[in-house]
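What follows is a set of structures to go through.
One chain, subunit A, appears in both complexes that follow, with subunit B as partner in the first and subunit C in the second.
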Partner chain A sequence: MTTQFPPGIQLEKEDERIMTLNIGPQHPGSGHMRLIIKVDGDYIVSCDPDPGYVHRGEEKMAEHRNYLLNIPHLERPVIHDSCNILYPYCLAVEELLGTEVPERAKYIRVIASELNRCVYTMYWLGIYGIFLGHSTMFMWPMADRELLIDLLEAMTGARVTHSFFIPGGVRNDVPPNFEDRVLRQLSYFEKRLKEYEDIFYQNPVLKSRTEGTGILSREDAIRLGVTGSVLRSAGVDFDLRKKEPYDVYDNIDFETQVLKEGDSYARSRVPYLDMLESCNIIRDALTKMPTSGSVRVKLKPNPKGSADEVYRRVESGRGSLGMYLVSNGTPQPYRLKISVGSFRNIICLPYLLKGELLGNMPAVYWSLNYWPVEADR
Partner chain B sequence: MSTIAPKFRLGHFIASLTDNIFWGVVLFTLIGLPIVFIVLFLIELPEIDGKLLSPYLAVTYIADPSRTLPIIQSLIQTDFFKIVAFPGFGFAALIAGATIFIERKFLAKIQLRPGPFYCGKVEGILQLMADGLKLISKEIIIPAKADKPIFWAAPVLFVATAAAFVSLIPVAPGWVVADLDVGLIAVFAIIGFFPIITILVSWAANSKFPFIGGIRALHQMVSFEIPLILSLLGIVILTGTLNLSEIVASQAGIWWIVFLPIGAIVFFISILAELERIPFDLPEAESEIVAGWLTEFSGMMYGLVQLGSYVKLYAFAGLFVTLFLGGWHGPMVVPPFPEEIITEGITMGPISIKIPGLPLFSQEMLNGTLWFVIKTMGVIMVILLPRGVFPRIRIDLLLHVGWYKLIGLCFLNLFIALGLIYGGVLGPEGFIQ
Partner chain C sequence: MSTIVGIIKALNSGVKHLAVKRFTLRYPEEKLKFVGDGYQYDPVSGVAIAGYKGRHMLFHDKCTGCQLCAIACEGVAEAIGMVKVDNKWKQNKKAILPQIDYGKCVFCGLCVDACPFYALYMTNDYELSSFTKESLIYTPAQLAVKAHMNQDVQIAISKRGASHSAELPAPLKKALPPAQPQLESKLKETQEDKEKADDKGDTHG
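== the complex of A and B ==
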């Protein structure tokens, strides 16, 4: 016989103080995932992330298409960062096919991937702003992101799904006087980033909310296997662009952004510092880029790789993004395993949220630089 | 051919018109005229301006509209008009609507976007009406296990409490619905109702997110009511009255914000918390608890709560103006009503207009209302501004601010007020009167 509760809030059991909240998948603070959070009062007792609502089977789809046809659908998980997600795939296929990429194409790739990192980070920053109730920080990056998208559109012909990187180079050359346009845009972009610093990162309310919450220590960060900005905010100097330079990153002068605090504030600040550093990378790449030359190597219509295994990874907006490609000599990949930073970062969420206030949940959750669609692949 | 009425024929249209006229005349003769005579026979009609109000006199108003002036003037002086229209709810709702429009455009300008743009052709000025129509036409969904009577009653109660709050605010000299000698205590009493309604809603909705939001709202409102009340005691000490009209009258020279800036700041921060506005919008924190205690409201129930919260915003801004910014005081800007219009009339070409009665509103009233509205809109703009600048604060920091910092500042404010009295600066024997 069940107990009749009076009208009012009904807990799971009458004698328990613990209440279960299903935050997501239909919730303004969840993204395409569910967080099963148990709260005692306003304190979080346990958190169980439940991703998988937008799984699309990208890896399985890749087994039925040849190396070139895989390009348009592989960028779908993160359309805001579509150059970076194609980067490891192109590197792996080039290694498998034994293709040498022209020098100019390598620089164009670096520029496109850094612009794309900024586009992604602006989107992420906007959502971080609205998660903390800062609506201006939602609107400003969304507006300024359009200018960078315009640059990429002039470069690739598409706004977000560029399909720009292909095995053997890039799809097309950059338009004439592209360099001036990029430089003009970058100076405006850096000016705006300083305004973001004033209104958002130096905001006393934001600092009081995020500093000292969800602290991830250096040891835990290494043990839990987080990557990218989350790892670098915990004091680990690990940037794949420095540690395992791909294409021409070893020719370019830039610094890795590392913070020591490991709290939500540091985690939210490292992508911002990365954006500033991306501007320097783009400037440096523009000066060192060969002024003329081919940008792609003509591949055979249906290229076959040798029966081999390749693993290449790059530093994307969300951390290390690796592609493990197994070929058995046919035109299609035998197996493509995508290892994404989003999924590896969300693993540490239950550890960070335990004992925190419910009000800290959005600040900690979105500071992990997590993209639900990419994590589900 | 028109697509609206594809089978339109003029003959049918004229036939339908004559049909309607015929039935109107028949019904009026059979039912309307007997009712008019019953009314004339049974009910004693008021005597206005020396003439008995009768239907025949009312018909003559059509010929000469200026004859309705005495009626309008006697209507304006009734309590009904004060409650419904001018210093009461209608005026407050109008300012609330203007506030919503200003908030949207003002925030949009801060955030590099145009804001409402299409509805109403001119800068989206009819967007609020469109939103209201949308809310009215939406289905009202009540949770299955909700406590229905309380859940239904809550939005109405919220608006009614906000309207009761509005009735205490003096807009112009003599223009206040309830001119109480204990006005400030009545304000505190009415503010005390809002947390009760909030917690009733959140409990009655029988849902988790409203419950958390309601508990948060309760924490917030209760802990900020204390600094809210304490910050106003300085003014009570200096003026020696609780009547809001007298408090305004005492600021004819210098406004109280000059002497009590700390009290004004504390009161302003407490207003933000009481109104659940950013950075204190924890009860409606959408990224944590959906919409807080408003989550289960739908359709016009949500619309009523929003209307109530904007009316409450106006009332708090008006209270701030009343207490700290000198209420209706300000230099005369409205020109006085010329006497010649009453005695001689205005001649405009072939038509001459004569207004036989007195002017409807006095110069003081128009001037006071103008200054009151200007100051109130200024305060409202400052209340709206943090939404573009600050993120949401956390609950522990909120309680820390409320209980630890603001109450301390309140006592500092009280000491300043006492110092002004005993130092001989203000008060009955002070050198500033």
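== the complex of A and C ==
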């Protein structure tokens, strides 16, 4: 960690001992990206992540559509976490248009985004499990995720691409008896999460593979600019829901989950602790939610904002997710810049993998809570 | 020693699942029940009604051929095109109705939000697969048909784990009363009133 070269560009003194391995883009363990790894025997000498295979030009597409029609395509980068990726966009547009969101809509947004965080994290946990060779940990989260998808389906009408958040509130109110259904399925979900503790997190096989691998120190975490669960697993108490509360997060009682170790085990455990905390947030939001009231402010057909620029960010499943919106007074955004947690987290991979065993690569790589499609946008 | 205890605990939590109910939904035989009749939108209040976003349902007698749904879809999927039909209506002099290409539709429901005349809704029908791309294009006549789905299974949670069952779960103590307007019943009322009025007109005529 003492060398100050930018990763990947440095020219290693290569000799015959060093071999280059391309892991990806077709390799199932790589995601939609390529890792150019140089190995000396079984030890990794350098790693160069090569993202960009699923770039879709979301930012450019947003410049040709009005503020409402941008909703369906902006959620595509992370379809399991679609409420959280629309959250900063809606907050930014509302600030630009000067719209005040009804109180009930704010609570519904919090519930939807917390359910979505759990859906995303369960999917990620399944992938993390299968790449560590733990196939039960692939089956269980994939099944238990259905409980939450069922709730979101009742709420929004779609399994993953909800298109639920909209500038001015949410598209529709929650269905009748929704609270009842949430409480029932959430208590079962929590029970299931506790079973994961025994089979996965306290499993000595997992611990021996992840504890002490890919250690990220607190100073490096801050210096490299990582965010979300990677930052919190390195001992930095930074959660945007606490530090910059948006909507009604300042009314809700919850705790930030912080671990000090900074290794792969801590990085994989923080999202799990976040899910348990999300259950508490949803329960708290359900009790504090106003029982009736409007959920959506009707906007004009082609809303125009003042010529201004807005930056809003939220805590998504992968960390800070920000949207920078520039308007020149027309119905379309002049420029939309998306800053995602995935891309900021993958930056630290070359530092973490240096000197690791090649077999530990999946354990370190997937612990970064990285979603390639979101990073490429 | 702790390693052995950990492994035994992990194995034990897996073995316990021999007695747990199966969570798998046996799909073609069982179909999940959704809330209501599908996603609907009330243009007066500007708020939609929760429901599944499946295939659309078009009411020919309400559509005015204003093309707002097609304009909304232009920025999303370009799935809606307006086609000329033979029939003529009082409110639809141009005799054009939307035709939806489900090879392009992303089921976002923004067309339903755009409709100011209660003419376009979404239903619980999601079984749209076909052998050709052409048969995914639904004509206005096909969109007017209401699909009948045998969706009756819900997630049921018991002490033996989660599974699917057709029986309704007993409500918890803190059940909320239905918090939203029943648009369907309202619509039915208005329709009945209209029919009555028509009948009266006929008798007078």
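Definition applied: the second predicted complex is superposed on the first by the 362 of 377 C-alpha atoms of A that agree within 3 Å, B and C clash if a C-alpha of one lies under 4 Å from a C-alpha of the other, contacts with A are read in each partner's own complex, and residues count from 1 in each chain.
Everything that follows uses one rule, which is that a contact is a pair of C-beta atoms (placed from the backbone, for glycine too) under 8 Å apart; a residue touches a chain by one contact, two chains touch by 3 or more.
Small disclaimer: the values here were computed from a predicted structure and weren't measured.
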Point to revise | Comparison of subunit B and subunit C by subunit A residues contacted | key: C
Practice item. Report for A:N251: first if it touches subunit B alone, second if subunit C alone, otherwise both or neither. Key: neither
Exercise for review: Would you sort A:G359 into first (subunit B), second (subunit C), both or neither based on which partner it touches?
Suggested key: first
Review point. Which partner does A:T99 contact after superposing on A: first (subunit B), second (subunit C), both, neither?
Key: neither
Point to revise | Which superposed partner A:L68 touches (first subunit B, second subunit C, both, neither) | key: second
**Study point:** Touching partner for A:N280 - first (subunit B), second (subunit C), both, neither
**Key:** neither
Exercise for review: Figure out whether A:S46 sits in contact with subunit B (first) or subunit C (second), or with both, or with neither.
Suggested key: neither
Check your understanding: Once the shared chain is lined up, is A:S339 touching subunit B (first), subunit C (second), both, or neither of them?
Key -> neither
Exercise for review: Please work out whether A:T136 is in contact with subunit B alone, subunit C alone, both, or neither, and reply first, second, both or neither.
Suggested key: both
Practice item. Once the structures are superposed on A, label A:V205 by its partner contacts, choosing first (subunit B), second (subunit C), both or neither. Key: both
Revision key, fill the gap. Note: overlapping subunit A surface for subunit B and subunit C spans 136, 143, 199-200, 203, 205
Point to revise | Touching residues on subunit A, where the partner in the complex is subunit C | key: 64-66, 68-73, 136, 143, 146-147, 150, 153-158, 161, 163, 171-180, 183-185, 188, 195, 198-200, 202-205, 207, 291-292, 294-298
Check your understanding: Where on subunit B is subunit A touching in the complex?
Key -> 107, 110-113, 145-147, 203-204, 206-209, 211-212, 216, 278-279, 281-282, 285-290, 387-397
**Study point:** Contact footprint of subunit A on subunit C as seen in their complex
**Key:** 2-3, 6-7, 9-10, 12-14, 23-24, 32, 34-36, 38-39, 45-53, 72, 75-77, 106-110, 113, 122, 155, 157, 162, 169, 171-172, 174-180
Review point. Where on subunit A does subunit B make contact in their complex?
Key: 7-10, 19, 21, 27-29, 39, 42, 129-140, 143, 199-200, 203, 205-206, 208-209, 357-362
